[in-house]
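Structure, as structure tokens:
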Amino acid sequence: MIQTVAELLFQGATLGVLYGMIGAGLALTFGILKVVNLAHGVFITIGAFIAIWLTSLMPTVPLALIIVATTVLCALLGAALQYAVIERAMTFRDPSVPMMVTFGVSVIFTNALAQFAGADLRSLGVGSIAQKSLSVGPFNFGLFPLLTLIFVAVVFIAVDATIRKTRFGREVRALSDRPDIAALMGVRVRLVHAQVAALAAALAGVAGVLLAMRASVSPFSGGENLMIAFEVVVLGRLGSTKGALLAGIFLGIVQIVSLRFDSNAGLLYVHLSFILILVFWAASGKLK
Amino acid sequence: MTFKYANLLLIIGFGSLSVVSSLLLSSGMLFLLTEVLVIALLAQMWNLLAGYGGMVSLGQQAFVGLGGYGLYVFANHSGLPVWLWIVVVPLMVGVAALPLGMLMFKLKSAYFSVGMWVAAEILAAIVMRTDALGQSGGLVLRPGGESLAGNPERILFAGAGLLLIGTIVGLRVLLNSDLGLALLAMRDGEEAAEAAGVNVRRTNLLIFCIAAAGCAAGGALYYFSTLYIAPTDAFQINWLISMMFVSVIGGVGTLTGPLLGTAVLIAVRETCTSLGLTGGTYWIIMGTIAIATLLILPRGLWPALRSKLHVPKTEKEATIG
Amino acid sequence: MTTCLEVRNVSMRYDQLLALSDLSLTLNEGQTLALVGANGAGKSTLMRLLCGLLTAEKGEIDVCQKPLALGRPRASASAGLALVPEGRLLFESLSIEENLQIGRSQRGGVWDLAAIYTLFPILKEKRKLPPSALSGGQQQMVAIGRALASNPRILLCDEISLGLSPLVTQEVYGVLKHIREQGTSLIIVDQDVSRVTAFADQVACMFKGRVTLAGSARTVTLKQIKDSYFGLTT
Amino acid sequence: AVAAAGVFAPSIARGAAKTIKIGYMGSLSGSRANFGQTEAWNIEKIKKHVAQGIMVNGQRYNVEILVRDSQSEAKTSAAIGAELMLRERCNLILAQDVESAVVNGEIADTRGFPMISTMSPLESWFFPRGGAPGKPFPYTFHFFSTADGVLQSYVSMLNQLATNKVAGSMFLDNPAGRAIMDKNRGWPHTLAQNGYAEIAAGPFQFSTNDFSNQVAMFRDGKAEILSGFLYANHFVPLWNQILQSGMKPKAVAMVATFLFPSSVAALKDHGSGMLTEVWWTPDFPFKSSLTGQSSAELAQEWEAGSGQQWTQPLGYGHALWEVGLAALAKAKDPMDAGSLRDAIASLSVDTVVGKVDFTNGPFPSTAQTQVVGGQWNASKGKYPYQLDIVENSTSPTIKTTATVRPISYE
Amino acid sequence: MLKTVGISKSFSGVPAADDVSLSLQAGERVGVIGPNGAGKSTLLGLLLGTVLPDRGQILLDGDDVTRLSPHQRVSGGIARAAQIPMTFHRLSVSDNVRVPAVHGAGLRGREAVEWVDEVLEMCGLAASAKVAAGQLGLLSRKRLELAKAIATRPKVLLLDEVAAGLTEPEIETIIHMVETLSEGRAIMWVEHIPFALRSVCERLIVMDKGRKILDGPFAHVWDDPVLQEIYMGVPDDNLS
């Protein structure tokens, strides 16, 4: 019994930090740029596919380097997209404009990816480390999920500190409140926007790589991941990275526990619990 | 008064056009054009909700699926004629949307958008798991247990045409009424509208239910023509993408825009088909057109075209701005 | 006395509406200008233009005899202009201290955090709190402090006492006096004309986008100002 | 205006000559693209074959082939189906993709368009189509092995291994998975009949990204056999979690998972020992009724032409045309739907995948083909893995090439 | 006409309205003052229904309206001009006023059109009737906000800093307007400009920290030392 519960919690937590990671980038764009970035899901997929592509191109290069390269490529893509497209969409007063634009972007990227890489589910082989396990007493933990957990925690702490403690973080937050006044304070608006977009895309890319290592991704899994990201961000109270992590872990545990009772649930109970919490919050006036 | 006259002209003109063409065109062409009309109808509904109502829903595909499934279930298991159900099912979906709307309107803006998407996903998952609905295998349309004989696409096409015209005229009347004014006001500020005496909740719900019923009608019409329905198809996000792109390209918050957008969509699709391009390429092209429109002419083609051609504004608009 | 701000023949429009038409204005180093005018005269527009939040259709602006690039908030900020905007507009997700710090990113000078805290001791007490936890007047102090932190040559205050209780307004004016004594030039817009003209060295009166009356605060009478409100003087 | 011309002028120009139009639907792209990987090549070959037309009842007919890609999507399938039938009025529809066949089946039946489909177990076509025993469909036909046949060959492979006879099972929730999961006809039934205990983890959604519960169930139940139905793309994460849990299954008997060499290659060095059902290999002792080529010759021609390893759909893709052309040849009037339908219903033809006989299928309107069992083994040849036939209990004409062995973990 | 019984509201623990009881009679003009953050706007929000009280009761003509939504109260005869104008920025000025005329006052057809014109004229917005509200400056928007409130034909009119930011001559116009409007209505006016209140209101309420601390005839309350201390500061020669 204890063993089952411990394993459920461990699996839930390791899946959950992955969910948190999936939501982290969106928390930035949503919370700071005030852009409902519907292309976030496809960025995750792109990250995964870049890593898969790089490893197949250079099978001997160590994984860490592949992750770094993927992150950089995603960041560049994110910044470029922000500069070229989203920035302009943000000048319209109507917030649905950037939302619809990013929706268009996600449709384009999804289909382009399917054209180039095929529509199959793919995963990133990381060799035998993915299959190692660790025994602590009667418990059996996968080594790889444990490493993911630690890695994600480190990334989260770093991002959180950057946003809360540094000058960059201060500018980012100021910008999200009042872009025009921030500009007057010497903040380089477009640059900071692009930096945030790059950071968000980089986080999405990392999430994609982790996802491809643990599970599998297809060009069409963007929608699913976007939904998870949204749920994480909303439950984590907008823009808060710590909240995103906790919400991710919550959803991860819901997912694992619900699958235990109903293996065919897919994401059904995750979605249901999200909607229920949201409605509960709304009813008790927690959403404005 | 000229306004009423214009509406009448619309009904008579396009109504007879759709009836006449339903008699003249081949059944394959009618199949295609029915889908075109359905997309135009769906786009009008999304546009009503998002463009005029300011409620950007990402879950309208749920109602398309419900319309289709509703038709199949009721027609297959009752002795009543299938044509009756094609009228009744959308109304039922419209009513069924009421509780969902009451739930969803607790969420605002982006929360609403995504909440709708999640709700659609939940619905699709439930249908996919329901034995009576054929699970992932889907259903075949056999009204009263018998295979459907004859060529229904003529009636379907004429019906879709008349429904679309009816919808447009209906929307014109609605938007020029006091309710339309309330709708436009709410888009700029719900609290302000409320403080001005508008019953925001009721208006929102009404629009939501109308849009749900309209999408269900589209779904019922479309899946009537295919005779087979599957959950991964009926609830797919591509329905939503079509509605959204068509509205955005033609002009969100106008009534003519979605029609123009549908024309663009169909032109692109047929060009892609005739050039032998894949579906992916088609979506890439549509996405690019939609983004370009949003960035260059954020109000869409129709408002831009209208001022170029000096066509006077005869409809209430709620364009992006 | 040197001029520190010169606005020459500036015009600016919103769509069709001409908000500033051929407007000219000068301000001397260390002086305070009271900018008055009816509702919609274009005062805020001028302020926002000076700060680069809007761009002009024609005309030039010199700050300390150097031309200012228009429509570029960062250029205005580095030229030494700072704005206390209409309605405060503080950064809600930053603490009070961070609100003040962000202003500092431009240039150093006498107005560091310590100096601002000496000026507004109450802010030091509340420095960890978000602006929403402050009263309206305290928020106005933060807005002033934030602008000061960039060590401006010219401080622009739009609707400085809008929505403040008389007690708080008095305090704010006390602070402005202090700032002026440090040698900073000021442009103040305030609905309370008698108070602001009594405080200022110069007065400029705007009507429909142009300056209809300008002069020393000591020579211009309230009667003249009232007339210019309705466009009776040119 | 260009596009409008495309919309409103569907092939009026080619009416007069006696031309048989064959409409082809297949998953050439999209999520089932690897089933369609060899199709373009097959179709080119057939096009050459019928370039001079075909002879039916002493009369020469031109053959026009219209190829449409279903993109592995139901909605596209509906669109291309309507196009081929209602717009182009094809005389015969061939569907390589079962989804296209199911989506368009009802229209074909009600409007009278003969359609032949393949490449999916009979049950996964018959039941979603709303089929009932003793009631043939008017115009639609399907040939393939049965799910039951597939399962029999799996169980007979397992019988050759020394295991504790405990099989964990899990199934992707789609029509094919549901057919195999069926309590009365499917895998649970087969296992029980053969004395295996089943640890049933049930169906799972395509979007599932974690299998720890299934793995925990299998581990706690001490399953030595991993079985069920899923496509290769779910297998890698599943396999990772299996090994993380400390399990070492002796056999993997997953329907559909290892049909393709690419799926085995995705396991890097760990692919050896995976079991699969075998519909067709170059070792099948059959010949094409069109070209006279043997199975081996067909595979060789493909490998030489494409530089890629043969796959099982190569044979069925070819056989689909064999069946279609044989039906046309047999029809009194190939342009008449009714007589073509009658020709198919009474058709029995020897193809490269074996005999296809519509007169005594297990379900109405179907023909059952043979299936055997295979195991992937490391190869010293050009490609990393080779498929060996290790079980032929239901089809003794097809010779085995190796014996089954458990997965080894050294 | 309008009566509150011990209403309270706090935001995350901080009381913005604390046990406030008051009543308004027809024809009464009541001024409300108090330091920033005293809870004046919150009080008006409670009366209109945009803010729901944690405790207490609100009665309109003797009926309990505590739980009614704002639009229901508007139909019942309460209207507010908000401190931060809430105009419909994409609608024209006249449509802005039409919304409350139709949905608030329940007017139809010609009657509505005439009423809208009348209100626009009254608020000095007739010239910009066709302009989109988003194009107006802050202060014109405030005026439009007032027009919208008047257009509902309220029995109780709540004004929140409608004169703030206006110059003296403009304030005079507002004062005149309020005087005309007050016939048969109750008016509650929150403002930081004492002289404006003084020339209109016969009664004055002082709030601080969410509590109603003084309530009585204007002159009486005005001279209260408490008011001088918390609100006015040192006597200001410009005003008195």
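Here the chain labels run A, B, C, D and E in written order, and each chain numbers its own residues starting at 1.
What we mean here is this: a residue touches a chain if its C-beta (ideal position, glycine included) is under 8 Å from a C-beta of that chain, and two chains touch if they have at least 3 such contacts.
Note that the coordinates shown come from a computational prediction; the quantities given were computed from them, not determined experimentally.
Touching chain A and chain E together: B, C. Of the two chain pairs examined here, A-D and C-E, it is A-D that is joined by more C-beta pairs in contact. If you average the Cα atoms of chain C and of chain D, the two centres end up 77 Å apart.
Computed centre separation for the pair chain B/chain C is 52 angstrom, with centres defined by C-alpha atoms. Chain centres here are Cα averages; for chain A and chain C they lie 43 Å apart.
Annotation for chain D: residues touching 2 or more other chains are 29-30, 173, 205.
For chain E, no residue reaches two or more other chains under the stated contact definition. Shown for chain C are the residues in touch with two or more other chains, of which there are none. By the touch criterion given at the top, residues 33-37, 83, 135, 137-140, 161, 164-170, 192, 194, 230-234, 236, 238-239 of chain E touch chain C in their complex.
Only residues 29-31, 33-34, 72, 170, 173, 201-210, 212-214, 216, 231, 233-234, 236-237, 239-241, 243-246, 266, 268 of chain D touch chain A when the two sit together in their complex. Taken in their complex, chain B has these residues touching chain E: 178, 181-182, 184-185, 187-189, 191-201, 318, 321. Here chain B touches chain D in the complex through residues 26-32, 35, 125, 128, 134-142, 147-149, 153, 225-228, 230, 232-233, 236, 238, 266-268, 270-271, 273-274, 278-280, going by the rule given at the top.
Residues 30, 36, 85, 88-89, 92-97, 99-101, 103-105, 107-108, 110-112, 114-115, 223, 227, 230-231, 234, 264, 266-268, 271-272, 274-275, 278-279, 282-283, 287-288 of chain A are the ones touching chain B in the complex.
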